[in-house]
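Pasting the structures in now, so scroll down.
Each of the next two complexes has chain A plus one more chain, namely chain B in the first and chain C in the second.
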Partner chain A sequence: MSIKTILASATVALSLSTAAFAQDPTKVGFVYVGPVNDGGWSQHHHESVMEMKEHFGDAIELVEQASVPEGADAERVFTQMALSGADVIFATSFGYMDPIINVAAKFPDVKFEHATGYKTAENVGVYSARFYEGRAVEGLLAGEMTKSNKIGYIGSFPIPEVIRGINASYLEAKKVNPDVEMSVVWLNTWFDPAKEADAAQALIDNGVDVVLQHTDSTAPQITAQKAGDVYTFGQAADMAEFAPMPRISSIIDVWAPYYIERVQAVIDGTWESDNTWDGIGAGMVGIGEITDAVPADVKADAEALRDAIAAGDYHPFTGPINKQDGSVWLAEGEVADDGALAGLNFYVEGLTGDIPQ
Partner chain B sequence: MGSIDPLVLLAAIMMASTPILLAALGEMVVERAGVLNLGVEGMMITGAIVGFVAAYESGSPTLGFVTAALGGALISLLFGVLTQFLMSNQVATGLALTLFGLGLSSLIGQSYSGLRAPLTPDLHIPVLSDLPVVGRVLFQHDAMVYVALALVVGVWAFLKFTRAGLILRAVGESHDAAHALGYRVKLVRLCAIAFGGALAGLGGAYLSLVRVPSWTDGMTAGAGWIALALVVFASWKAFRVLAGAYLFGGISVLQLNLQAAGSKVPADLLSMSPFLATILVLVIISARKKGATAAPAMLGRVFHASQ
Partner chain C sequence: MITLVKRPTPSRLWIVLTPLVAVLLTMVAGAALFAMLGKDPIEAIRTIFWDPLFNPQFAAYSRPQLLVKAGPLILIAIGLSLGFRAGIWNIGAEGQYIMGAICGAAVGLAAYPIDAWWVFAAMVLGGLAGGTAWAMIPAVLRVAFKTNEILVSLMLVYVAENLLASMAVGALRNPEGGGFPGSRNLSQYPAAANPELIAGTGMHWGVVAAFIAVIFAYVILSRHMLGFQIRLTGQSPRAARFAGVNAARLILICLGISGGLAGLAGLFEVSGPAGQISIDFGSGYGFTAIIVAFLGRLNPIGILLAGLLMALTYIGGELAQFMLGLPASAIQVFQGMLLMFLLALDVLTNYSLRWRKRETA
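== the complex of A and B ==
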């Protein structure tokens, strides 16, 4: 083989490979905190991603990694993804916040999207849903449906997102049922089916007959089903397999349209750091079907509340609302602003117990 | 808010303690034979998934438990062959067994998530179950709760009164002496390892078939490690394993109940209380003269006939 042919074939190879580069699909990475079959939060992100993948087809290349612990491991995973050529990386848990900011600083050309966080940068956008709007609807249903006037709430970590949900559901339950009491059980985990089942059982043993959960598995649903006369709500995913009882409705996270929009922006080169916080109105929070276990008039009330929130006519945090210690938080008619909600770290008046610090 | 009903709490504790009771009891027998198997978590989760698959496919929880015991025993024999015949390090092999079990269970379980196990019925014992108060608390559980209790008595009697139990303890205290007497050290140890695996498998299946009851990745969530701590906590005695399991299960259930009842005690303090209790008991045990020597003398040592 002469030098000439080698050079010629090298040129051909080179031009071929540049052509290939030009058509290279956009590489999109996703990182989940739990397994993609948890039945809730992580599974629902994964399913939304599958919808997005279907939309783009071969125009994107997808990389997913599940069960990544929050902390140092996460930083390694993000770095690895960025090094292997990802154009945009979605981090789908609150605890990824600092790792993503650190990694983003090292890879200015890679775009990052962080779910439920609040730290942004030039190449880091954040997105979350106004879950508290859905919690308000659940609170109304819970207040109406409870016979023992005791509602239970399984909390994960004491972060603003979870505390907002507790306050929003309690306020609405109290409105329709002044005698209602709410007990909160903190588990300090997003996902531990045995612990979640035990927590649900403990609540039921203490006379609770409506259980709300802010953890990711379906274990509380099964426990409630075994116990009999107990109502629950699907969390993150519809959990329709437990309808009509115990699951009487659900909050569904609708991520797919957001994923499609943001990936499209990366492909078009128009991506900019954003701070998206959408609710029922924008379609990011869905309320799952309210089952026939709920009386028709209660169902109508819940749907009216849902629609009023969607239309922007009603805000779940509208004064007068006092803090747990009795001091005034919101005066008559005052609406909580997003800044206050983002950092919410106290219970409203009427809730008992302390938030673990 | 309302106060906790101690009887309901006791019933919840009996259920919550069963997985760690089974696993710890099995590990205790293994350690009494002089083998340290750190793979309890891996054997538990293997039992959880194979038990779930068998019960789901056949519709019979009983078959699920039997399969879980066989599955746990089988995977523990992997550890047995590696450590007893190939002389591998027990600590490293046990840790590897945990990692292997977690991965294997995840692989087997891929298409079984979100499904529900067939219901394990609660026993209804004539007369006993109908007793007021006591009947509801003590005599209306599923059969596995009583199997676990019977196993505690069985293991205690086996180690204390039978010749086979004596041989097992001899192997654990001095394998050279046992070997010189003509006992087959490796065979005894393999049997003990398989028994430990079977019980860990049952404990895992109790999670996936009764307590949760469905399959999710990594659902044992550290129960195997608690079982390991429990064996030391119980200073290698069957009835202390029972007491320890109820104490551990009790505290974790109690902390949830206290929260649910609106107690003022901080939740994070309650969450770590089982572990604080372990440390405390370990300190007390090792402070006593006798306690320091409670561990089987050959625990974790490799046996080779030529030595």
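== the complex of A and C ==
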């Protein structure tokens, strides 16, 4: 087949798909990095999507694809979705960044939304939640609840988003409990129940009695439940099935309102590239119910912290804060700006160990 | 009752027929599976096998993608097949693929931003060296200490994966990436990029290398002394020893070739379709290539066809996922059935079926 015919058929395909836009419902595509039943990140996106679908009903056509590896395969999946006539495509993992930018350049009429990334374009918007606000609340609870003064943190990838969470929870834990120590385990995966269970077990064996996680499965909760006197927090989803123990609270990603708003904008033709970074105040980060395993006064403190952050009265990264090496990061009363937070790649003072390099 | 009778020699007819029958049986069983999931089975099979090739909406894009996806599979599987024929089991091609990508990309990133023709050539050598060196570890251990190359090569995959993660967040990280993991994008650095050679065909250097590898493997196996030694060792190691085949040398050569080709596949992938070293760069090509090698009967031409077929099930499978809402795991089951039917039908190559009347007591 000559190049000419390939190009010709490509044009036919394009015109076919644009013609289809006119009559058909708005086609919305979602791509997930994990299975939709991972119990955490991907499942929660999927559930928010279902909520969004319920809101719009037949006004939209929904297509979803799960377990798409980040890299060359992702680029093909986005392209095929765009070719199939999708009007807007949501890419719900950080590693989809370069593929999305490449594909978006080829399909100027299709809108793209990328979760947790930082590269935007005319037709690529990014959105993320200020999870670190929730981490601060978790940190307070962890610092109060630990009896061994040892907190464990299961890290996924050493990217700024994860490092922010570690720093935010450590700072708050240290404030309420100066003797607290935090050990971080890096897994280099978002979802791997076996590895997560191993990491939780290793932490618990080392005397840790509160485990925070930035990985998506419920394996750490199961491990903690078996170990007994260990506290955990739901991640991405509420994980309420592990309440009141070991799960004493959770950070919930609340995506549905954002999805509804953005899809509505596509339907109305008012969609514009954005850079959304909302927290507890705007309702994108939810703090799951703090259970009765937590003493009433601690619970009240945590809720006060939550409300102060939501109201904008308190920022978890307010100086004085030193970097791990002892040098000054934020002076007394200084608040970290979003640019510095977006690229955060160091531990704060007091944290031990190195960020994998 | 039915009994199996061993054939004096493997049936030539069944060697050719089993892959075809396996594909057909997979389609039938797959259709049943999709029907049970409440999907139209005919439409599902059509979406997987027909739409990527002939649906005007997708074909212009997915036909070239077939080559992009099949290229590394074929390149790796060709290397593996030489060893498999001689009974040398390199299960760690995924690790060699990753190491080839790391070493090749490292050469390119070190040269950044020099704009010269030799940059890509040096990267190719780097990829070749990385994959070969990684495969030499199980090879030398086997020759020197009689360790099991299946285990050693497989375990080294996990070592390579962790090295990859370390490279993506450390030594090879993009200094302009704002602290995020992942190297510079090589496909945006012209001297190091492995672009489409002819626009709209999907043909990049990795695909070219795969075709060359098919031809070389064919010539080596059918015309070359090395090919004779490989086949002889696979059929009868004792006879090979009497015929003067140096077993240690053959192990080093077979693992070296398969590692080198896997490393090349990694290099072509990282500089082309993937573009960068990232934590999730390894996407299982090294393991899928094992399926491709067996699906292609360890025969170079067969591997070429098997690689294309496997790529088709991937691309069609993705289409079926979002067009029909089939779960990803159903597609994986479908691909798994292909290998299972093939191996199950292999019995017919070596045995024939006989009806025998039950003897009365």
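Quick note on the criterion: the second predicted complex is superposed on the first by the 334 of 357 C-alpha atoms of A that agree within 3 Å, B and C clash if a C-alpha of one lies under 4 Å from a C-alpha of the other, contacts with A are read in each partner's own complex, and residues count from 1 in each chain.
Note that a contact is a pair of C-beta atoms (placed from the backbone, for glycine too) under 8 Å apart; a residue touches a chain by one contact, two chains touch by 3 or more.
Values in this document were obtained by computation on a predicted structure and should not be read as measured data.
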Between chain B and chain C, positioned on chain A by superposition, is the outcome a clash or a fit?
clash
Touch check for A:Pro356: first (chain B), second (chain C), both, or neither?
both
Pick one for A:Ala300: touches chain B only (first), chain C only (second), both, or neither.
neither
Please work out whether A:Asn188 is in contact with chain B alone, chain C alone, both, or neither, and reply first, second, both or neither.
both
If we overlay the two complexes on their shared chain A, which of chain B and chain C does A:Ala202 touch? Say first, second, both or neither.
first
So, does A:Pro35 touch the first partner chain B, the second partner chain C, both, or neither?
both
According to the stated criteria, A:Gln80 is in contact with first (chain B), second (chain C), both, or neither; which is it?
second
With both complexes superposed on chain A, which partner does A:Ser67 reach: first (chain B), second (chain C), both or neither?
both
After superposing the two complexes, find the one stretch in chain B that runs into chain C, choosing from 22-30, 58-66 or 76-84.
76-84
Can you give me the overlap between the chain B contact set and the chain C contact set on chain A?
35, 67, 188, 356
Footprint of chain A on chain B - complex, ascending
1-2, 4-5, 8-9, 12, 16, 19, 106, 109-110, 113-114, 116, 207, 211-214, 216-221, 223, 252-253, 256-257, 259-264, 266-268, 271
Give every residue of chain A touching chain B within the complex, in rising order.
34-35, 37-39, 67, 150, 152, 181, 183-186, 188, 191-195, 197-199, 201-203, 205-208, 217-219, 222, 241, 352-354, 356
Please output the residues of chain C touching chain A within their complex, sorted ascending.
56-63, 65, 68-69, 162, 165-166, 169-171, 178-182, 185, 198-201, 269, 273-276, 278-281, 283-284, 315, 318-319, 321-323, 325, 327-329
Within their complex, chain A touches chain C through residues 3, 6-7, 9-10, 12-13, 16-17, 29, 35, 63-67, 69-73, 75-77, 79-81, 83-85, 94-95, 98, 118, 157-160, 188, 342-345, 356-357
